[in-house]
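Shared between the two complexes below is subunit A, which pairs with subunit B and subunit C, respectively.
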Partner chain A sequence: MRKEAIGPFQLFAMIVLFELGTALVVPIGLESGHAVWLAILLALPGGIILVLIYGYLYKQFPDLTISGYMRRILGRAAGWPLALLIVPVFLYNGSRNLREAGDLLISASYDKTPVIIINSIMVIAVMYILYMGIEVFARTAEIYFIVVVIMGLICAFVVIAAGLVKLDNLFPVLPGQWLEALQSAYPNILIFPYGELVCFTTILPHFTAKRKVNGVAVAALVLSSLMLGFTHALEMSVLGPDIYSRTTFPMFTTITLVNVANFIQRLDAFVILTLIFGVFFKMSIYCYAAVSITADLFRIKDTHRLVLPVGVVVLLSSFVSAEDYPAHMADGIVFLEKILPIPCAVIPILLYVVHRLRLRFKLYR
Partner chain B sequence: MSSRWIRLLAALLAMSTALTGCYNSRELNELAIVSGIGIDLVPGKQEYKVSFQIVNPNSTPTTVSPGSGLPAIIVISATDDTVFGALRKASKRATRQLFFAHAQMVAIGEPLARQGINHVFDIFERSHELRLNSAVLVARDTSAEALLKLLSPIESISTLGIVNKVRNTSNVWGENRTIDVFEIISEIAGVGEITVNGLRIPGDPEEGSKKSSLEQSGFKGGNIMSGLAVLKDGKLIGWMDGSEARGTQWVLNRINETSVNVDVPGSSAKAAVNIFHSRTNVKVKLIEEVPVFHVSIHEEGIVNEAGGFIDFSIKETRDQLEEELKARTIEEVRQAVERAQGMKSDIFNFGNELKRTHPQDWEKVKDRWDSVFAKGKLDLHVESYIRSTGMRTKTYTNPEQ
Partner chain C sequence: MPIRKAANKPEGNGDRGKQSPLSAALEDTVEQVRSRLGNSPDLVIRNYKSIINEVPIAALYINAITDKNLVDAFVEQAMAFEFPGEGVAIPSAPEDIYSYMKDKAVSTGKEKVIEDLNSLLEALLSGDTVLLVDGIAEALSGMTSGGESRAISEAATQVSIRGSKEAFTEGLGTNIALVRRRIKSPDLWLETMTVGRVTRTDMTMMYMHGLADEGAVQNLRDKLKAIDADSILESGYIEQLLEENRFSPFPTLYNTERPDSVAGNLLEGRIALLIDGTPFALILPATFFVFMHTVEDYYQRYDISTMIRVLRLICLVISLFGPAIFVAALNFHQEMIPTPLLINLASQREGVPFPTFIEALMMEFTFEIIREAGIRMPSPIGQTVSIIGGLVLGQAAVQAGIVSPAMVIVVSLTGICSFTTPAFNMALSIRVLRFGIMFAGAFMGLYGIAIVGLMLVAHMCSLRSLGVPYMSPIAPFAPGDQKDVLVRIPLHFMKTRPRLTRNKQGKRQPGPDAS
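Our next item is the complex of A and B:
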């Protein structure tokens, strides 16, 4: 079978879409109050360091996924079970995205449609794209990157043109608030959404331009960080800290307020589409990561056989993981603080350190 | 093996598109489009009486049909403990399902406003169908239901007329401003008190809801904008009228255009100055536990009418007129601030400004802000400019001898 290949722009587009994913639509970094945009930008340097670590590991083992080089670096006895533990984390996070998308779609628009229908359709789309393979997925990302950017520009333009922006809601940022922003940037925003890029360690083996990997990843990260920061600053400036912190879907609330000359209004569809695109790409990449790690660990040649089980697990756990949306959000805080940092930061840094030590003391046979 | 899966998947996909497309469908001919909502208090009970103004599509004239001749609006109401309950209870009365996405206006009856409106708006935030940019009004001395029932001559749907009126008078006269649900919620959640546009029925509400009231040129029905309701902790405690209302808008930097009558220097006549640009900057500082409100207003106007002889080619005359304009503005703003201080109601967002710029000072006074605000000092600076005198300089009359 021919090895599937991904070009630099395709990787760039995938990273941006993955980063924007749900982070664009749900409120993030609530502890930082009105300085949330600042927190997003403050977390960027940390995010770049994480991405450079992923890039370094990839360059050392260009043909292996994260589970592959985990066994090489840590040894089979420690690497294999540790890699196995990553899989449920990825599956759960994929199902969280699905849950959020389903609940937001129902509360925002499809109030009479059962959640199982919405979630199933999304999962079917994800399974379909995984069947087609990562190359098709990358080409899809390329197209949707342009679509999402154009929609984002239109939305930002109409929100500004409608005169909704109140800069008073963003400034001034006083010294104490800088500290709060920093506290919410590290570690929360660093992990979600930047650290989640660890999923790309399973996609990078298909990347064709090995030398460009750091440049592409960092550029994509900076762009998505600026877009995220700008969008959240826009939402905050329109809604104010109080409504922003209480709303489940700040972007949707913002766009419903738009009314340009009694003519341009009700642009809700743009936001709904942004949500669907973002969740689709994010979930697909999580599922892909779970599939490829599992395939690698259990030596399954035909990865297609894993797509259906992964899809079903994600779909079911999106229902059973939490009773209701507030409980889901409460789980999310625990998950973000206690579990997600392990695959996103702890394991890569551990791998990096151990690998450097083994190189230094020539411990590789 | 794999092709079988693909076939199954294709079948599932095909089914999902065929089965799910119309889950949320609602046909236009099964909907009653609500143009305005009125919320009143049921006397003696803790219940809401919610009224809906519904558009009657058969009698709305279009290019292809002249309409049935019946009133274009119908008002129905229902009472319940919650607004949403009343919304749904109204189905017992209406022939179609109510559709709220085009509700332009929310009117609050004065008795309810006096009892408190803080909890009324939750449904507007929570629901995705109700809109946050519906205008909010208080029906002064009357019920919201009576307001919705009024027929209006030019706009067949009276709430659209009211919303246009609010926008129009805010733009050219300046005693009111467009206040929507979103602004009310932000202000309730923030520090300080709220002002809401008032709307009064000058004539007989009963007559105004009859179609015969429209069949005369000396139209006596309809409604009239009437001041700003001051709501403290969500409860109506007083009204700002006339120049007090305009002074309030001035402090809030919400004057777009307005007309000020100033005394003509050296005569008993008045001149009308149309303010076409006005900007207000507010800074609040706490000096020894007493807040100082630095308000600076920059306004530019055009002389649109002179009621007596004025020679605008003389610079001194123009300067004097600018001074008069400044004095009038200062007077109106002072009236507004003093009135608000008398009611111990910070309707100018001064508290929010202090909290935003000096959070530490705010912490010191936040528990007793009402009384601190009432003792605050106003430091008012007004710059007035007259940019033009219209198409003429001198008036056509001669100086009075």
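Our next item is the complex of A and C:
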């Protein structure tokens, strides 16, 4: 079978969809108060550096996934177990996304539907697309990139047209708040959502335009960062810092306030759709990353065989990991601060440093 | 990719006399032919005797599928004997007479020599006239096919306001001529082959040499050669045998009865298949957007065409998701409907005894019945369908308290929207898929619709038509090809051909600096 190939625009679309994923809907960087949009932008340079590190590692080992070059760089004895430890992190993060989507859907309109039904439908869709392969997935992402951008533009236009924006909620940014923004940017926003791009290290081996990888990734990152910053600024300006920090899904609350000429007033559907699509793509990429690392580690030729187990694990852990949504969020903070940085930042930087050192001192055989 | 083989052996006795050579005795051969054709009354056997030596000669043809004038001309041409002049031996032995006839007949160009019974039968059945000479184990055949066929008429299924009124007919020769008349280029290459073990249907593959991708042409050629079916009665047979994704509801071959559409597609580097006996030509590779375009898009002004294309896509989305969204909104997302409208809808549904989903299903089902009846009904009583249809799908149904007026509007809108899809087979697929999406909408609301929609798009992205991704040029995204997908830019700027057919001569018109 020929190798599946992904073009530059497909990678671009996938990164943007992945970045927007849940970050568009859930509140991020709460500590920074009303300067959350600033925090998102402040975290961008760090995100770019991380992405360039991933890009560098990819260019050094264009045919290998992260687990492959971990073994090359750190040696088999250290690389293999370390790579194995990444898999549960990815699976757990995927299941967190699923949990968040399920909870939003239940709180929005499915109060009588059991969460297991909602989550398993999503998992079935994810498994279906993973069976189809990464190429089909990339093409689907292209189409949904266009769909999400159009929906986003409509929502933003309508929110502004409805006259809900109060710029007082965004400005002024006082010097102390700059510091707060910086604190929430590093490391929180840097890791979620930017650092999560580490998943793409498993997709990059299929990328065809090797030389363009940095350009595409950085462009996608900048665009998604601007979109995220704009959206959160919009939400903040409509809701104010007080409500913004207390609602579970600020975007959803924002859109329900829209009323243009008593005609355009219920655009909740767009928010729900954005979330569904975002979570779908983010989860699929997490599952794909988990599948491909596992396949690489255990030398499984037919990756399709891993799709079902991965899907089931994600589905089960999505509702057994926390008893309710507040507990889920509390877990999230710990996870974000203690565990997620390891695969997203620590391991890539470690790989980068070790690889440079080994190159420098000619330690590769 | 393996082509499905026909499971059963050929019916009839197609293989029996495969290598049986012709008998030298005229009587034997004629008798063999007659018995193989089951003493068919339409087999005509004319007996002649040569002028010299009175060697028996027979001319065989089948009555209704030959042109009498051509038969007469062929026989005359072969049998006419001119005195060779002084010093030249006059042919007298059967061998000499036969070779004399052969020389004369073959000089007209379309004749061939037959040596075994099976090819003789095949020639007869495709309308040729066969000449047999007593004492010779060979036969001469001349192309005399003709007989009644339908005249070229207006396209019935792909109507356009502007553009050629000609449509293909059932005759392969006529159809080829219709395309040739539009593309007077030596690069329009044709390849003829015969498919169907029993039906022996002629088929022509047409492509523009240098524009069509060589690999694709070869690929298609191999696939066509691998077809092993006993009957090919319509291009639909070929279509189904060629499809790469058999379990997909989406068509991956485009069919058209318009020669201008075939010409346009050939010029974009696609390949056309014309099959004898059907006015529907096949075009491949066919991507999703090919099914959304009509030839008229290129005849009208670009801005109008663009608007109409966008309209068509919106209609496609409505006809796919319309009833599902309505059912989902009423069942799950009442908060999404503005309150006055919601109250209105609720009061309309007051007397309706069924759940929304059942109501929608019933109405959609009724609509499909009316549509099917409209197609199958003899045209003189076609009026009845519209009258009765108006009753079951209209005010009467509402007054009877079976459905709500809003549902009638939704279902009618969906129906009208589905008629805007230019390709009938695509509209059919959408029709079928609509029910699935309605189920999803009824059970999981908008979420179900979104997930099913995602899976549907993923499925469409996984399809390929002769190697070309189905959703191209949107996915994979090809910026240069966006000129002719949703937007149709002015012809003046449409300088390059679509990239995905991988043709070499990209330019349609000279660039600005070339003129």
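Structural remarks
Note that the second predicted complex is superposed on the first by the 365 of 365 C-alpha atoms of A that agree within 3 Å, B and C clash if a C-alpha of one lies under 4 Å from a C-alpha of the other, contacts with A are read in each partner's own complex, and residues count from 1 in each chain.
In this section, contacts are C-beta pairs under 8 Å (C-beta built on N, C-alpha and C of every residue); 3 or more make two chains touch, one makes a residue touch a chain.
A quick note: this is a predicted structure, and the numbers were derived from the prediction, not measured.
With both structures placed on the common chain, the touch criterion links A:E142 to subunit C but leaves subunit B unconnected. Once the two complexes are overlaid on the shared chain, A:A269 sits against subunit C while remaining clear of subunit B. Touch criterion met: A:S109 reaches subunit B and subunit C at once.
When the two complexes are overlaid on their common chain A, residue A:Y128 makes contact with subunit B and with subunit C alike.
Once chain A of one complex is fitted onto chain A of the other, the partner contacts of A:D168 are limited to subunit B, with no touch recorded for subunit C. After overlaying the two complexes on the shared chain, residue contacts for A:H304 are found with subunit B alone; subunit C is out of touch. In the superposed model, A:R211 makes contact with neither subunit B nor subunit C. Shared interface residues of subunit A (contacting subunit B in one complex, subunit C in the other): 109-110, 113, 117, 121, 124, 128, 266.
Residues 2, 5-6, 9, 12-13, 16, 19-20, 23-24, 101, 125, 128, 131-133, 182, 185-186, 189-190, 356-357, 359 of subunit B are the ones touching subunit A in the complex.
The touching residues of subunit A, counted against subunit B in their complex, run 107-114, 117, 120-121, 124, 127-128, 131, 168, 172, 174, 176, 240, 242-243, 246-247, 252-253, 256-257, 259, 266, 302, 304, 308.
Interface residues of subunit A, counted against subunit C in their complex, comprise 7, 9-10, 13, 105, 109-110, 113, 117-118, 121-122, 124-125, 128-129, 132-133, 136-140, 142-144, 146, 262-263, 265-266, 268-269, 272-273, 276-277, 280.
For subunit C in complex with subunit A, the touching residues are 332-333, 335-338, 444-448, 450-451, 454-455, 457-459, 461-462, 469, 471, 474-477.
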